[in-house]
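In order of appearance the chains are A, B and C, and numbering begins at 1 in each one.
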Amino acid sequence: MAKKKKWEYSPAPESKQPAAIAGRYELFINGKWQKPSSGTYFNSINPATEEKLSEIATANETDVNKAVQAAKQAYEKYWKKISPTERGKYIFRIARIMQERARELAVTETLDGGKPIRESRDFDIPTAANHFFYYAGWADKLDFAFPNKKANSLGVAGQITPWNFPLLMAAWKIAPALATGNTVVLKPAETTSLTTLKLAEIIQEAELPPGVVNIITGDGQTGAWLTKHNDVNKIAFTGSTEVGKIIQRSLAGSQKKLTLELGGKGANIIFEDAPIDQAVEGVVNGIFFNQGHVCCAGSRLYVQESIAKKFIQKLKDRIGTLLVGDPMDKNTDIGAINSAQQLKTIQAYIKIGKAEGATFFETDCVLPKKGFFCRPTLFTNVAQSNRIAQEEIFGPVLSILTFRTDDEVIEKANNSPYGLSAGIWTDKGARIFNLSKRIRAGVIWANTYNLFDPTSPFGGYKESGFGREGGLQGLHPYVQLS
Amino acid sequence: MTQQSRLAIWKTYKIYIGGQFPRTESGRSYAIKNSAGKTIANACQSSRKDVRDAVSAARSAWGGWNNRSGFNRGQILYRIAEMLEGRKKQLKDELMAQGYTATVATREINLSIDRLIYYAGWCDKYQALFSSVNPVASAHYNFSVPESMGVVGMLAPTNAPLLGVISLMAPCIAGGNTCLILADQEKPLAAVSFAEVLHSADVPNGVVNILTGYQQELTDWISTHMDINAIVCFDQEKPDWQKIQENGAGHVKRMFRWNTQQLLRAGGQSPYLIMDLQEIKTTWHPIQTIAGSGGAY
Amino acid sequence: MTGKKPVFNPQILNHPPVEQTGVEERSVRFTKRSIKGPSKMQGLELVLSMIDLTTLEGKDTPGKVNQLCTKAKHLHDHIPGLPTVAAICVYPSMVSVAKKALEGTKINVASVATAFPSGQSSLRIKLADTRLAVEQGADEVDMVISRGKFHAGEYAYVFDEIAAVKAACDKARLKVILETGELGTLDQVRKASTIAIAAGADFIKTSTGKIQSAATLPVTLVMLETIRDHFQKTGKKVGMKPAGGISKSKLALHYLVMVKETLGDVWLDKHWFRFGASSLANDVLMQVAKEKAGNYQSPNYFSID
């Protein structure tokens, strides 16, 4: 038989056109788009091409104050007074409009943040809309949420979101805050503000009373002004543990309620009786989902020694099929690293891993010439005392360790200042319950990994933060019980 | 005072660490006075090393205590109440020696005992109340349960030498945590005697550790201690709440200030205080759904 | 193939468990691949070349089989350069008819055998059935496993039966039908695949087409993974044939994606992968025509033999 041409996937690029990104974005304060007092703007670039997408207003202290005052007035004037049922209906509207504008939001998210279009289309955007839909329904049912107590709103919630799931994290923050009767000032991460600004448009379109949700853009300094503002009653932050600690310290002595959703170094544990092929998938989802920019990423892989060789080979074979490249291509599995800065951090850790003597492996895929990209990377022969096994890398880099007994792996999994997530792969139910009880982490995925749902509370133990987002328990951070 | 036929034996008030009653390793003590200003006893002036030892005792005790069934923890809390009931007279004397009237002292002791009973009953119930099965939109079973935070540092209030300690301790250990309690600086005697009650009440060693001493000296050591998961104090001016929070932020400690007014009155108790010291853990597992089985039930 | 008679080794049953939800999630991922442009055209032609055009009915006649063979040779002559299907799949009694009709082509004749579709007969009858097909000239034999024995835990019986049929096949390639719709769980699919492969199957095949559910992506994935593990352990390749329920070209392309990403490009060949289908061919042809002409097609323009 003649040598046949290998069957490859042709490029399948999504169109940029639905994104409809404006040339410039102002601040969304008191229901209106307002020019920043600073008069300055910063560029938002596409990390896959390094091209400028838009320019975005920098909010200074005056702007932050304006936004907080708007939120405070909206709280007193409208949001506190309207009936919970009506409040819920506004939130339902937001959910619906997000669903209607799903394509636009997905394309924008991918252009702005570098994540594969498949992920923004199938995960980020629908899950964000669902989150609003879920919490909308809570608005007039709070009496059932806290037995024997009355749930009172707090006032103005100041919220700061990260760059890894921009719109989804905005939904995680805004939806429960509004449902419980608070008003909002939210600052998205500097590198990924666009979908949150589009969410502001949606909020406008949904005719929420002015000032109920305010979106201010800027860098860490803008965030610091927001967290320190005296008229803010609640701070919710998702981001690095380092910044989380600074915020927690800055709130010391104040009455502000605080929720922190910080870093992690999730242990993903594979026992010899695991469903091996699905575990390989779980490991891949655990560390390569969203380029590894996931706080609950399963970045520490513990494989039982008896199957380590076989498992690692399967894992290598599998990641060899991952397609790295243009995030807008529907077939791309791993998109662009979010920023030049983050790529530098990841590369520094890869260097550290090599220097520490761990065995380095990366796939041989060809990377695009422009943009910030990183091949799927594994380190084997890693020890607990290696930095790549301890510190959050926040990229597509997996550290693989081995273990022998259940007790040993529990101890190793807990041997971390973090406690956000863990994975357990075994066919034995009793073992799952033992480990899921003894591993100190807020989310345990047994025989699965990296799943999220609006009904399911998410949040950490230890230095991974406190408070929960999602589910019934996600209401608590936004209420005062009496 | 009438003529004494024998010389009284004075009590040495020691601290309680890991189920033992050592003196402070520092060898220091300070005078405890009655309302007239007369010294009635000496208490240990605990040091940072006592804090260190107490935390390490509490950490060792935590795994086992956390693993006890709720039912068993309830039994032990109930046992503490039983033992306390038998020591009412001693505690009343100690409270009165520090200026309480008989009526107030009796009220505080009775409230304390009843509070223990209250939390004894919660030990195997709050989990059901605050757990959830979450209806996720995929083929997974998903549930959330409260779990203890670990080791809790607790700073007792003034003006309630016994009730203050018990109001802190009971919701903390009912939820499977272990703790280190720094007793009221001025009136620590009842707290130390309460430690003796604990010791005779089947409370495993290290679950509760009680120190006496100067709050100003010790709160920094407690709030900066990296192996303390949470801190609870009362919303009084002292200790320095801001400083505690700044310290605790260094490793994302959970910090709570409970309302003194509410807590020290009758009914000042709530499962929500247990929940303050709980983490929520959510577990996912796939559900097998064999095609065709849908219509079969 | 000659050589030693394989002996059942119960150790082969110690395979890893299969987590159904995970298999389904992975299967969904294959369907997210967007196959466009040249890749689509090449894929569709590949699909055509892998089809076992099938008629397995009590009412089959030489007339029907002859018409089907004509279709196999002339899929759609309006479009030049199309491949033929891989094989025609019939009952043993129709093998000689098909063989004659396909003379001079490279199209194989496959015959079902072994008391198809239930397999509820004695080994003696099954071997006779197999020999009949082979004697009539079948290039490939599609046998069914004894599901009853399998469920009764008589794995050695199932194994020996396959091995015996394989011996009876002589030069014909043996496809072993697991009838996954009767196996109950993916763990059982994995187990049956393992047994079939160890007993000497050249292909493993999902279904007879007589039972719901037939071929699905998750079931096929588990079988492909069994093939891959066997290959990695022994270096020996085994083919795969999903059958029944694949009637749309888009789904067929997703099967190819799954094969490519699970077993690699080598398996993307009719020697190692087949579709057991009857109506799939025309849907693929309509897609091919649409790609060429640019407009959507009507079934009226595609023959239905």
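Just so it is clear, contacts are C-beta pairs under 8 Å (C-beta built on N, C-alpha and C of every residue); 3 or more make two chains touch, one makes a residue touch a chain.
The shown structure was predicted, so the numbers you read here are calculated from the model rather than taken from an experiment.
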item	value
Chain nearest the overall Cα centroid	A
Most widely separated chain from subunit C, with each centre as the mean of CA atoms	B
Euclidean distance of C-alpha centroids - subunit B vs subunit C, Å	69
Chain centre separation in whole Å, for subunit B relative to subunit A (CA means)	36
Interchain centroid distance [CA atoms averaged], subunit A/subunit C, Å	44
Residue list for subunit B, restricted to those that touch at least two other chains	138, 140, 286
Subunit A: positions in contact with at least two other chains	447-448
Residues within subunit C bordering two or more other chains	19, 21-22
Residues of subunit B that touch subunit C when the two form their complex	138-140, 286-292
Residues on subunit A engaged by subunit C in the complex (per definition of touch)	4-12, 118, 122, 273-279, 281-282, 313, 321, 330-331, 427, 447-448
Contact set on subunit B toward subunit A in their complex	129, 132, 134-138, 140, 142, 144, 147, 149-150, 229, 241-246, 248-252, 254, 272, 279-286
Sites on subunit A touched by subunit B in the complex	130, 147, 149, 241, 244-246, 248-249, 251-253, 260, 262, 417, 432, 436-437, 440-448, 451, 453, 455-459, 461-466, 468, 471-473, 481
Residues of subunit C defined as touching subunit B within the complex	19-22, 24, 184-185, 212-213, 216
